[in-house]
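Heads up, there are several structures right after this.
First chain A sits with chain B, and in the next complex the same chain sits with chain C.
Up next, the complex of A and B:
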């Protein structure tokens, strides 16, 4: 009944020095993708993702967040990216945000792509994000960057890509 | 020099040639995570899907889903075919982007199912990851946790849910269902995985 082991590590990358973006572009042959990140940004900012190099306003998101004093939810339409955290990735002097991004059925060419992310900022709060990329194209690459254009992903940030193959 | 672009293939160039971990090709991994079965909904949709005869050889189950429904509606799940309302309860919190979050619960056990996804609809697909922990235990009631969400470029929701099945039986089957004549749309997929302990 089972199809064997899956949840395969595809690639991992540790940022050696401040980088504007990190891109994964070789991940065919799976059903779902998972990206596990530990991220700092300089001078700080929200980590974001874009697919297939699409920088147009084809993205939207809804986020739920909470800290020690309350919880809330916000959303935005027709954006150029999906932000993956509500509590910005801290600067180099802080702890790393950890994030787990889930991308279901990424290679289908029928539906728009819905992604889920859970992020934790130890100093500020926790959040969950659902994002939509309004394209039916199969995802063939994904690029992570910091929403604030003047910010970089800091050295020591890590990105690990896994593939899951369904039976 | 700041790295402006890094790809998996370029990462691979930095590593010993003997490693195929980085090149994006199939890798043989002694993983504790195995695919058990997948259901993809065909033309015309369906009112329910069932995973039966779930092997008892894992420690935990994970259900990874992508689904849409013909109307704006919740969808639900049942364990081992049980329709006993006293066995199901839940809490969830939902954000819809409206500024505040809201929470709901069923602690009076008034439903004959657990909540699987809040406010599914036809516009776009809801993504979900649902964990059934220690599903073969015969001494514990079963706690089920889920992250699910959908965005429609103008509306949406993100949800964290905890379901309780008040029954110590091992889980051997799972049913995902719509109610009230609604159905789960074509192209929806439900993939069940086992995680070894």
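Up next, the complex of A and C:
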């Protein structure tokens, strides 16, 4: 396999100062997308993603989580975003968590879009998240923010978008 | 386009097995690292086994921590590990009494491994499916947080279930570098 042809860096961004959101746009020509991020947030909260600027209740998710003492699962429908973590939320200081988001078949215009995320914060938990955006539109942008409206993504957080090509 | 998912090194364990697998002199020219491991443990007398991961030498002090979630097909649980001398990766490998010819698979992802200012936060996924009564799926969040932060230059994967266990013949480990530009 010529790996470079199918796992291509599209954009990378290091947050220079506290920011309410990080947005990727202008990605086309791939089959799937992967976002790798390392995040802090202040005053804190779950990282979330929205697509194409859609802030309506078109999202749902299911989480499997562990916090070091217990494990469980939860889910919700008709939400305004997909939370990407549950116990593994970004730390407020010190270390960064890491999250690896996979978005399958993002450019098709016939099906709703599904995502998989793994979130890791060794101080608070480990999560696996599946999410759904109930839209048949091709994903042309994605915006990351912290669910808590007053919280920001902290300086030094990194976001990298990769494109995966099936052929 | 840039060749961003590049094989750095690979190991295939030969006859006789080995107690550890080491990747050293890791180039500092990538952004992230990914290890793909297919492993079986010999001589541990169980259906599964534990392994551990450490960076830049062993021992490296009690500067590792982790949390996991694990399920064996009938129940789920979560464990907390603090002040460890390595990142424990329990319930991660196929053991010597497991179904013959089965190997686990593991993916370890380490973002920003060259940072000299940030602790290293990593993601680990394991499965030990073996078509038997006990098999594990385990997910880990790990952190290496030494007093003086440094780039990761070497990684050691070690069998950890008992002193006699080894990575068995045909175990493979691949280290990839991923570049963000």
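FYI, the second predicted complex is superposed on the first by the 157 of 167 C-alpha atoms of A that agree within 3 Å, B and C clash if a C-alpha of one lies under 4 Å from a C-alpha of the other, contacts with A are read in each partner's own complex, and residues count from 1 in each chain.
Keep this in mind: a contact is a pair of C-beta atoms (placed from the backbone, for glycine too) under 8 Å apart; a residue touches a chain by one contact, two chains touch by 3 or more.
Note that the coordinates shown come from a computational prediction; the quantities given were computed from them, not determined experimentally.
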{"item": "Clash or fit, chain B versus chain C on superposed chain A", "value": "clash"}
{"item": "First (chain B), second (chain C), both or neither touched by A:148", "value": "neither"}
{"item": "Touch count on chain A, higher of chain B and chain C", "value": "B"}
{"item": "Which of chain B and chain C A:7 touches, first, second, both or neither", "value": "both"}
{"item": "Chain B versus chain C as contact partner of A:96, first or second or both or neither", "value": "second"}
{"item": "First, second, both or neither for A:135, with chain B first and chain C second", "value": "neither"}
{"item": "Partner chain(s) touched by A:167 [first = chain B, second = chain C, both, neither]", "value": "first"}
{"item": "Touched partner set for A:68, first chain B, second chain C, both or neither", "value": "second"}
{"item": "Partner chain in contact with A:78 - chain B first, chain C second, else both or neither", "value": "first"}
{"item": "Touching partner for A:121 - first (chain B), second (chain C), both, neither", "value": "second"}
{"item": "Segment of chain C intruding into chain B (one of 55-63, 109-117, 127-135 or 145-153)", "value": "127-135"}
{"item": "Residues on chain A lying within both footprints (that of chain B and that of chain C)", "value": "2-9, 12, 64-66, 71-72, 118, 128"}
{"item": "Chain A-touching residues of chain B, taken from the complex the two chains share", "value": "1-9, 11-12, 21-24, 26-27, 29-38, 53, 55, 64-66, 68, 93-101, 124-129, 147-158, 160, 187, 189, 191, 193-194"}
{"item": "Chain A-touching residues of chain C, taken from the complex the two chains share", "value": "1-7, 31-32, 65-71, 76-80, 109, 111-112, 118-119, 121-123, 125, 139-143, 145, 178-181"}
{"item": "Interface residues, chain A side, partner chain B - complex", "value": "1-13, 15-29, 31-32, 60-66, 71-78, 102, 104-105, 108, 110-112, 114-116, 118, 128-132, 134, 141, 152, 161, 164-167"}
{"item": "Chain A to chain C touching residues, read off their complex", "value": "2-9, 12, 36-38, 64-72, 88, 94-98, 100, 118-126, 128, 156, 158, 160, 162"}
